[in-house]
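Read from first to last, the chains carry the letters A, B, C and D; within each, the first residue is number 1.
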Amino acid sequence: MQMEPASFPFLSAILLSCVVGMITIIVIPEEKKLLIKQVSVFFSGICLLLSVYVFFAFNRSAGGFQFVENVNWIPSLGISYFNGVDGFSLPNILLTGIVFFTGVLTMWELETRVKEYFALYFVLVAGVFGLFMSLDLFFIFVWYDVSLFPMYLLIAVWGTTRKEYGAMKLTLYLLAGSALILPAIIFLWAKSGLDTFSFVSLMHPGLFTPSVQKFAFLLLFIGFGILAAVWPFHTWSPDGHVAAPHGVSMVHAGVLMKIGAFGVLRLAIMLCPLGWIYWAKLMAVLAIIGIIYGALAGLRQTDLKYVIGYSSVSHMGVVGLGLSTVTVEGLNGAVFQMFAHGIMTALFFSSVGYIYDRTHTKNIPELGGLSRIVPVASAFFIVAALAGIGLPGLANFWGELVVFLAAFKVYPLFGVIAVVTLVVTALFMLRVVQKTFYGPANPRYAALRDVTPWLGVPRIILVAVLLILGLYPALLFNVIRTASVPFMNGLPR
Amino acid sequence: MAGSPAHSVDLAALLAATALPFFSFLAIIVATRGRPKVSAGLSIGAAAVCLGCSIGLLAFHSGLSAPIEFSTSLIASSGLNIPFGFLVDKLNLLMIVVVSTICFLVQVYSLGYMAKDPGFSRYYAFMSLFTWAMMSLALSASLLQLYFFWELVGLSSYLLIGFWYEKWSATQAGKKAFVMTRAGDAAFFIGILLLFIHTGDLNIAHLDSRSALAGVPPSFITLSAILIFGGIVGKSAQFPLLTWLPDAMEGPTPVSALLHSATMVAAGVYLFARLYPFFSLSPTAMSVFLAIGTISMLLASTMAMVSRDIKKVWAYSTISQLGFMIMALGAGGYFAGVFHLTTHAGFKALLFLCSGVFIHRFETNDVFELGRLGARRMLIPMISMVLGAAALSGLPPLSGYFSKEAVMGSLAGLPDHVWLAAGLCGVFLTAYYSFRLIFILLFPRERVSGEPEGAHGAAHKAEYGAMALPLIILSTVTVFLGFFETPLRHFIGVAGEVGQAPTWPHTAALALAVAGAAVAWIEFGRKGAAQIGFVERIEPLHRLFAERWYIDHFYGLLVNRVVDRGIARLCELNDRKVIDGSIDGLCEATVESGRVVATLQTVMVQYRLLAIFAVLVLLALYYYY
Amino acid sequence: MTLYGMLFHIISAVIIAATAVAITRKNLVHAVVYLIVSFFGTAMLFYLFGAPLLAALEVIIYAGAIMVLFLFVVMMIRAESAEKKVFVPIQWIPAAIFCLIYVLVAAAMAVGTPGMNAPLKMLSASPAQFAIYVFKYQWFSIEVVSMLLLLAVIGALNLGAGRRAGRVDEERRIEDDSALQ
Amino acid sequence: MIAPFSEVLVVAGILFALGAFCAVVRRNLIMIVLGIEIMLNAASIVFVGASLHLSNLDGQSFVLFILAVAATEVSVGLAIIVYAFRRTGSFDPGNFNLLG
């Protein structure tokens, strides 16, 4: 594995701007709400710019880990502050940057406890960034929990529907996940005998015996799988999405669920490849159940956010299916789908947020005919729905295409089922669009104002990303490939 | 097969023809939504450039011998190398001319038809989107690229059908259209993926030259051919996915003319023709296609016989004519299918645009009502409509006659005469329902009311002018296109295909067309006719046809009962009750057990004393032993 | 068996009998009086074991002060017939079983341990000796105990101070709470 | 020569058991305190006996402390009982099951 140390610690700069942003927000007096928002936008903008820079400065021909920073922290335990990005984590860092920035802009109209909200939001995002860039198992676990706890407060304080229930459920589920991850990490640490938590040192093939890998893989897969809403552990996700405020829903569905999938990829798959091969069938079965199940359960929902929540379950099932194929295309497609789904759900929740802020309801039967009143706001949602259907021209199409292609090679039957499920997805997405935005305008909302350009900025960014990747997917695939190809080539068979 | 060397002029023309409408779409959406005139100008300008480029390409390459290919590889993933680009051969040169012509004419027509609509800009944006997608579809170099635009065409169809989104039925129809074509597309997609996995090549030229298919088992080719045909069934509204098309008539009439008769639904047939060499590798698949075409053709004809809605009659007739094309292709008549596609695009667009004029004027879709209100007084549309209907029925010397004769010829070439019989039956039905409609319009039973033509204002006249111009052009095309059969046959370059077939099917087809018109005259045209068709006299049959053979009921049942209230409900219940229930139960159990242990600490003091004493005693006992 | 031995057994029997009667009385005054008998017996036992000062203290403090305090309380608040039933089966049966086991185990252990069966010699520690010992070796504990007594005085005073004006509301609230139970 | 120490222990054990029985069984707060007194008393007997058995005055000094603690406990305990009786009018420990 090639390692290229960073000339300037860009990754730490990203983390640092989150932390500095948080501290600045804490220092600002409570009453200056506008200033707090401006500061948030400023620092999240820095994060976005840095992540975009890292994304484009990444050397695509060299591959491997780049922008590496390594500082010994606790040498006796082998813990070090060890950051670096490769083709798998880079899209996720970019995704986090985009969702973070747009999430801050989406909450522009927040009026209650602004200071606390943004401070916690920055903590949450710092955890997410840290997890994606860390190469030390100990730090990965720490960042996981850092991103978890602000979530509870953010949902329980600023949430909407059944917020205490949703927040508690989410926290308990995710803690259950971390209760599986920690033993697995310590197990691997102990079994390696290397006295180090460094991911790169532990990634040597043949370091762990097959039985160790099988066991650790299962723990890590379920632990992170809970966060990725793998089928039987998915029910926290719709409830959590529904309860959370919109900006948090964006991070939650857009990025946090990716942490789960990324964790499965980074820890479970890359550290325990033999376990991966052994359990791949199980992963595939769970993923395919998730795909169908999310789509079908989504058909029955009457709350906009529940619909999106279930569609997320279905789409994350696609990611899982990609990961379970044990092929290069599967990995490529899965990572691409993670990115595309993150942007798409962020757009979804951002649009729903606008609608909910105006109408104070997410209940589909109470809406209806919104297209007449707020055409632009509706258009954003419709674009997200179309992306969710997997329409060509938007990013999700490519992720699904590549995953299905890989699935067809390995599990033809599952591939067929997954493709057929696209029809159900189309049905429920369009049904929601129809019931919410079409039909005669509801006189109750006749006085609503459409999205102003300023408030539309986050959605425009998201739509633009979806479109660009939809028309030029190689932009992302070229990056992912730098990690997936060497990894699959080095895979013991 | 190596393509001819690429010329930069060609490439520029192709790029202009495909990219300009897209940019006009973006420009309208982003910038000029508030200025309808600019939007329309942009869109029509783009369409005009498309038309110019298409005609230029056709003229320039009229003697094209080998397909021209421009492609760049759009690397989607490491193991996936799919060329994206243009493949130009004779078939799609013809197709892009047809598409861009109709696009251009319909957009001009829409200037009048949509003039007062609040969504004028949006309409033109979607039209541009459609133009882009359709042109790119026709020029696609690989099957995946074709699928890409295939779906986008479906999207624009969805958006345009549901254009008047405040009308619930329109949105319902749009959704139905999208989901039903999507069901077909799922099969198409699976077919593409299968093909890709087994051949590693989705290049259309390679597939057609069969070079990519070496060593692929025939059963597999049959399977993937049938799966790909699923997409055609969805897009061209063939049996069993045919019911979305009549519902799609909820959209604006020019949309119906453009998408749902002339071009988009014909994309299915185009795909068939596009992959014709590939499909013809599998005789089994071809006979399946033939059967599906026949069934759709007959079903749709029967439905058209009883409809009172002028647009729905033409919609059913579209399905039935598409059935004819698929029959022709399935029967091996490559040229017949393509030729019928071309002529049909002309006269069906004409029919819809004429109906659009009536609907715009009288604001009703009911045929009897239109006749009563005086549709026959509007000379240009009425004459055009009669021409179109005659062409549809296959009466000489209109274009439909020639193409239908070609279709019959290819059917007659089949060893089994069942198909020919079905085709002839279809010819009779077509003539019957077309002239039924014409006679109802021309000879209303009640007195003609309403003001005479020409009593409207100047603005109205401008609108009428915008609408009349395309009608005249299309009428001309309809009248004269038939005479270009031989040059076209040479251009498409399938020689030696017809000629040996006996001539009696041609005569029979003509006779049956005339007979159909005659029956329609007896029942609807002549003085004192009751204007009740023979089918309408048989109540069960009438209901069967009017209810579209209950196909919609079946789908409704499937979606509502089985999927919605059945499986989906089960999933939801499982979520709420089983998974959440068990998790919540686990939490409750934790709290409950805590409560149980807590009671030990909260009961009467003496129990606690007793507990302490007992434990001490037991400890002593343990220590003693 | 020596005279002292007989004396020990007689006194022990008296103590146990008096205690047993005391704890079964329904009338609290009777119970307290029987217990005084038991404590007198204990004082005699102490004297027998050579602790005359403790015997005196036992009589003064236990049989005198403490029991009188009990009597005062019982008579002052007329708590003679507080119980409807002296023995509730669900309480006394398990308690009796455990007590029996306890006694049996204790006896078995006491008898079974070597060195326990030698008869005790007669020895006596005069009050002066005892006092010198205590204040020589245990003076710190004495101080601690004196603090304890002081605190007990304060606590008892505080509790016995009774209702004051400011406490009424709080008490009523607690009463309401207990009424809910 | 008095009795063996084991007999002293048995006597004290019986007394302790009686005290414990009283404290656990009698549904009267005053009797509970009385039971505790009996138990303390039994412990005192053991201490004095052991002091004789081991010829060590520490045992006797412990009894002194037990006396002090007993006095303390009784004074405070009875004060609490009186207070509780004033509040609820009952001596039944079953009425005092509200923790805190």
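Methods note: a residue touches a chain if its C-beta (ideal position, glycine included) is under 8 Å from a C-beta of that chain, and two chains touch if they have at least 3 such contacts.
All values reported here derive from a predicted model rather than from experimental measurement.
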| item | value |
| --- | --- |
| Other chains in touch with both subunit B and subunit D | C |
| Cα-centroid distance, subunit A relative to subunit D, in whole angstrom | 67 |
| Centre-to-centre distance between subunit D and subunit C (centres being mean Cα positions), rounded to whole Å | 4 |
| Inter-chain centre distance, subunit B versus subunit C - centres from mean C-alpha coordinates, in Å | 101 |
| Chain centre separation (subunit A, subunit B; CA means) in Å | 37 |
| Overlap residues in subunit A, where contacts from two or more other chains coincide | none |
| Numbers and ranges of subunit B residues touching at least 2 other chains | 606, 610, 613 |
| Sites on subunit D at which at least two other chains make contact | 20, 24-25, 27, 97-98 |
| Pairs of chains in contact (touch as defined earlier), listed by label | A-B, B-C, B-D, C-D |
| Subunit B residues touching subunit A - in the complex, by the definition given at the top | 74-80, 144, 147-149, 151-152, 155, 158, 162, 165-166, 168, 171-172, 174-175, 178-179, 182-183, 186, 189-190, 193-194, 196-197, 559, 563-564, 567-569, 571-572, 575, 579-580, 583, 587 |
| Touching residues (chain side subunit A, partner subunit B) in the complex | 169, 172, 232, 235, 293, 296-297, 299-301, 327-329, 332-333, 336, 369, 371-372, 386, 389, 391-393, 397-398, 401-402, 404-405, 408-409, 415-416, 419-420, 422-424, 426-427, 430-431, 434, 437-441, 472-474, 477-478, 481, 484-485 |
| Subunit C partner contacts - residues on subunit B that touch it in the complex | 606, 610, 613-614, 617, 620-621, 624 |
| Residues of subunit D defined as touching subunit C within the complex | 1-11, 13-22, 24-28, 30-31, 33-35, 37-38, 41, 44-45, 48-49, 51-53, 55, 57-58, 60-61, 63-65, 67-76, 78-83, 85-88, 90-92, 95, 97-98 |
| Subunit C residues touching subunit D - in the complex, by the definition given at the top | 2, 4-5, 7-9, 12, 15-16, 19-20, 22-23, 28, 31-32, 35, 38-39, 42, 45-46, 48-51, 53-54, 57-58, 61-62, 65-66, 69-70, 73-74, 76-77, 79, 82-83, 85-88, 91-92, 95-96, 99-100, 102-103, 106-107, 110-111, 113, 116-123, 125, 129-130, 133-134, 137-138, 141-142, 145, 148-149, 151-153, 155-156, 159-160, 162-163, 171, 174-175, 177-178, 181 |
